[in-house]
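All remarks here apply to the structure that follows.
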Amino acid sequence: MELLITVTLFAFLIWMAVVIGRQRDLFSASMLTGIFSLICAGLFTVMDAVDVAFTEAAVGAGISTVLFLATLALTDERERRPEHTPLAAIGVVALTGAALVYGTLDMPAYGDPSAPVHTGVARHYMERSWDEIGLPNIVTGVLASYRGFDTFGELGVIFTAGIGVSLLLSAGTPELTPGAPPPPPKSRAPYVREMPILRTVSKALMPYILLFALYVQAHGDFGPGGGFQAGVIFTAALILYGLIWGPSAVEAFARRRLVERATAVGLLIYGGVGVTTLTLGHSFLDYSALSPEHPQHGQHWGIFVVELGVGITVSAVMLVIYYVFASRPKKDVSPMRQPLPLLGGACVGDVSTEDAEADS
Amino acid sequence: MNTGIWNYWVVVFLMMAGLYVVMAKRNYVKKLMGLSIFQVSVIMLYVSMGKVTGGTAPIYVLDGGTPAEGIVYSNALPHVLMLTAIVVGVATTAVGLGLIVRVREAYGSVEEDVVTEQDRAAEAAEARDFAEAGP
Amino acid sequence: MSAVLDALCVVFLLGGTLFTVIGGIGMIRLPSFYTRCHAAGMTDSAGAAGVLLGLCFVAEPLVAVKLLSVLAFIWLTSVASTHALVKAAYARGLRFYDEQPIDLTNKRPQPGAEDRTHKRSGEEE
Amino acid sequence: MNLVFGAAAMGLLVTMALAMFRATVGPSAYDRISALNAFGTKTVLLIAVLGFLSGRPEWLDLALVYGLCNFVGTLAVLRFSKYGSLAKDELASAEDEP
């Protein structure tokens, strides 16, 4: 039964990949990417990777869609029709694909328990994790303790990416002096006024989502969850707030400079734990040093603090990315701008008249 | 013929679909979408390798404070690697999107053809200026 | 007792699934965006309720609470976003009939039907 | 009992396929958004059923995250489709409302 579900979901995945590739309306394509990642998350669940599914659900359906849409808002929504069939690309893809399929022929079968991937260090983690770390969630143990150095590096990459996006998109925007009133909006968009139901629902849900993020952060030792997931969920909640009330409302809650500093704080907490274990005479990130009598307790404390650092950095980086994308004004230089790119032929009304009515 | 390796074929198909979009499409945003399809294919490869038939998620089933006996778990290691890869992936995608926004502001388009054309024109103009101002 | 709960679970679960499938068919066959939204949104609530309540009958107490909170979440968000969606589409002047409906039945709208369709949001108010 | 869960999962998969069909053919952007929303709900249900099918139903947190992020995604799409930008700031206009 599970195999049948897996195969069906894989078929869905292929279907969506093809549709995304063919879709020339980028707005629709980014929505299809949302569906694509929902299918992925379903697949991860069937294939027992609940932690991965957790991350994919939070990242793919939420943050990633928002990012693509934010980019489309700053660029163009339609792809131009290609001038000729890309025969070279088809040839390269066919050749590479054939080579890869040939390469898979002596791979172990799906679900084979004796596959090489289950031997070596992986077997050690699976068999010894309870004695050495003592956390029910093996993934958290491996992530934060066995491969803590690895995760530290990944966190560094996320931090660097945050700095990169910030540098790329902060330049050229007018600096807001603290305390100054925000610039007046160009048109009185009636969104909030018009949608009291949406506003009320989001407002009512906000505290529970934030609380849920904290639960995911703290409960990652026992169930699926942890710093990465919690950070993304926390930011998703704030983005939800920003979608309703605008980015400056979120900035009033979490000041931009504070968030920018928090990106480094999380990384420093993580590194600080490593340095602490070093000064206690153990290896870098060997949490047993924190409690020499009970190495397991040391592991628990170390993992908790490290996950906290991960959560802070991930959440802050995602929030910084959202800020810089959302607060960047669109430069209107495109010769390809289309008046009504969204609604195929089905739309009669024109959005510009709607806006004009709202303005008057 | 080993029929148990279909999961790799799906992965290869997805990977090639992503590669095709990256190579054949001229729109930068679309190229990034292709890149994320490619990324998903890699994640799928790892996670599907970690699956054990009859296994369950790698979280210990506790029986009175200790793990219950005789339960098969899927491999946790690929999950760990892919979990971080997803978050890193979205962060790097954001860098790519940021670059695209800057390209759009500088060139007025996110189509590779237009950008290359403008680059060529600028290069030609520069070469002309250089020749005129030459010795 | 357990047999009764199991039977309830089966009834609710399959009933809910039936609802979602009917909703899915409605999403394909109904002629315009608004009717399709009705199919997607309304049977969504009923289907979700059926499936999740059905699962509640065979779940442990803590899991049942989680199921109910998922249900509450769906009932709040799905309904709200369907509402917002329809409102946005209406504000943009989306017609009640597509110009070229996905025709699975070979029954095109009658020639005169075009006049009765909703043209602009302002006209009816 | 597993048979019932399996049947429910299959029914949900069929509905997901139908929603994907709607998302594929459109025709309007709103149809796609509606399909995305419906697809998200179906995924939540599928995850819940899958938990019971595999005998470890304690991870319904997952389903909650799906619901939440689906909501965020749908809202972002809506917002974008109405104003062409995520950046417009409604705080000021909301405050000067009586």
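By letter and in written order, the chains are A, B, C and D; residue numbering begins at 1 in each of them.
The rule is short, and it goes like this: a residue touches a chain if its C-beta (ideal position, glycine included) is under 8 Å from a C-beta of that chain, and two chains touch if they have at least 3 such contacts.
Because the structure is a prediction, the values reported are computed rather than measured.
Chain centroids computed from C-alpha atoms place A closest to the centre of all protein C-alpha atoms shown. By count of C-beta pairs in contact, A-B exceeds the other of the chain pairs A-B and A-D.
Annotation: 13 Å between the Cα-based centres of chain A and chain B. Chain centres here are Cα averages; for chain A and chain D they lie 17 Å apart.
Chain centres here are Cα means. That of chain B falls 23 Å from that of chain D.
Per-chain CA centroids place chain B at a distance of 34 Å from chain C. Each of residues 33, 73, 77, 80-81, 84, 91-92, 94, 98, 100 in chain C touches at least two other chains.
Among all residues of chain B, those that touch two or more other chains are 56-57, 59. Residues of chain D in contact with at least two other chains: 16-17, 27-28, 30, 33, 35, 54, 58-59, 61, 64, 68, 70-71, 75, 81-82. Screening every pair of chains for touch gives A-B, A-C, A-D, B-D, C-D. Of all the residues in chain D, the ones that touch chain A in their complex are 2, 6, 9-10, 13, 16-17, 20, 23-24, 26-30, 32-33, 35-36, 39-40, 43, 46-47, 50, 53-54, 58-59, 61-62, 64-66, 68-73, 75-77, 79-94, 97. Those residues of chain D that touch chain C in the complex are listed here as 1, 4-5, 7-8, 11-12, 14-19, 21-22, 25, 27-28, 30-31, 33-35, 37-38, 41-42, 44-45, 48-49, 52, 57-58, 60-61, 63-64, 67-68, 70-71, 74-75, 78, 81-82.
Within the complex, the chain A residues that touch chain B are 7, 10, 13-14, 17-18, 20-21, 26, 29-30, 33, 36-37, 40, 43-44, 47-52, 55-56, 59-60, 63-64, 67-68, 70-72, 74-76, 79-80, 82-83, 86, 88-90, 92-94, 96-97, 100-101, 104-113, 115, 117-118, 121-122, 125-126, 129-130, 136-139, 142-143, 147, 150-151, 154, 157-158, 161-162, 164-165, 168-169, 172, 222-224, 228, 232, 314, 317-318, 321, 324-325, 328, 331, 333-336.
On the side of chain C, the complex with chain D involves touching residues 6, 9-10, 13-14, 16-18, 20-21, 23-25, 27-28, 33, 36-37, 40-41, 44, 47-48, 51-52, 54-55, 58-60, 62-63, 66-67, 69-70, 73-74, 77-78, 80-82, 84-85, 88-89, 91-92, 94, 98, 100, 102.
In the complex of the two chains, the chain A residues touching chain D come out as 1-2, 4-5, 8-9, 12, 15-16, 19, 25, 27-28, 31-32, 34-35, 38-39, 41-42, 45-46, 48, 50, 53-54, 57-58, 60-62, 65-66, 69-70, 72-74, 182, 184-193, 198, 202, 205, 209, 212, 215-216, 219, 223-225, 229, 233, 236-237, 239-240, 242-249, 325-330, 342-347, 351.
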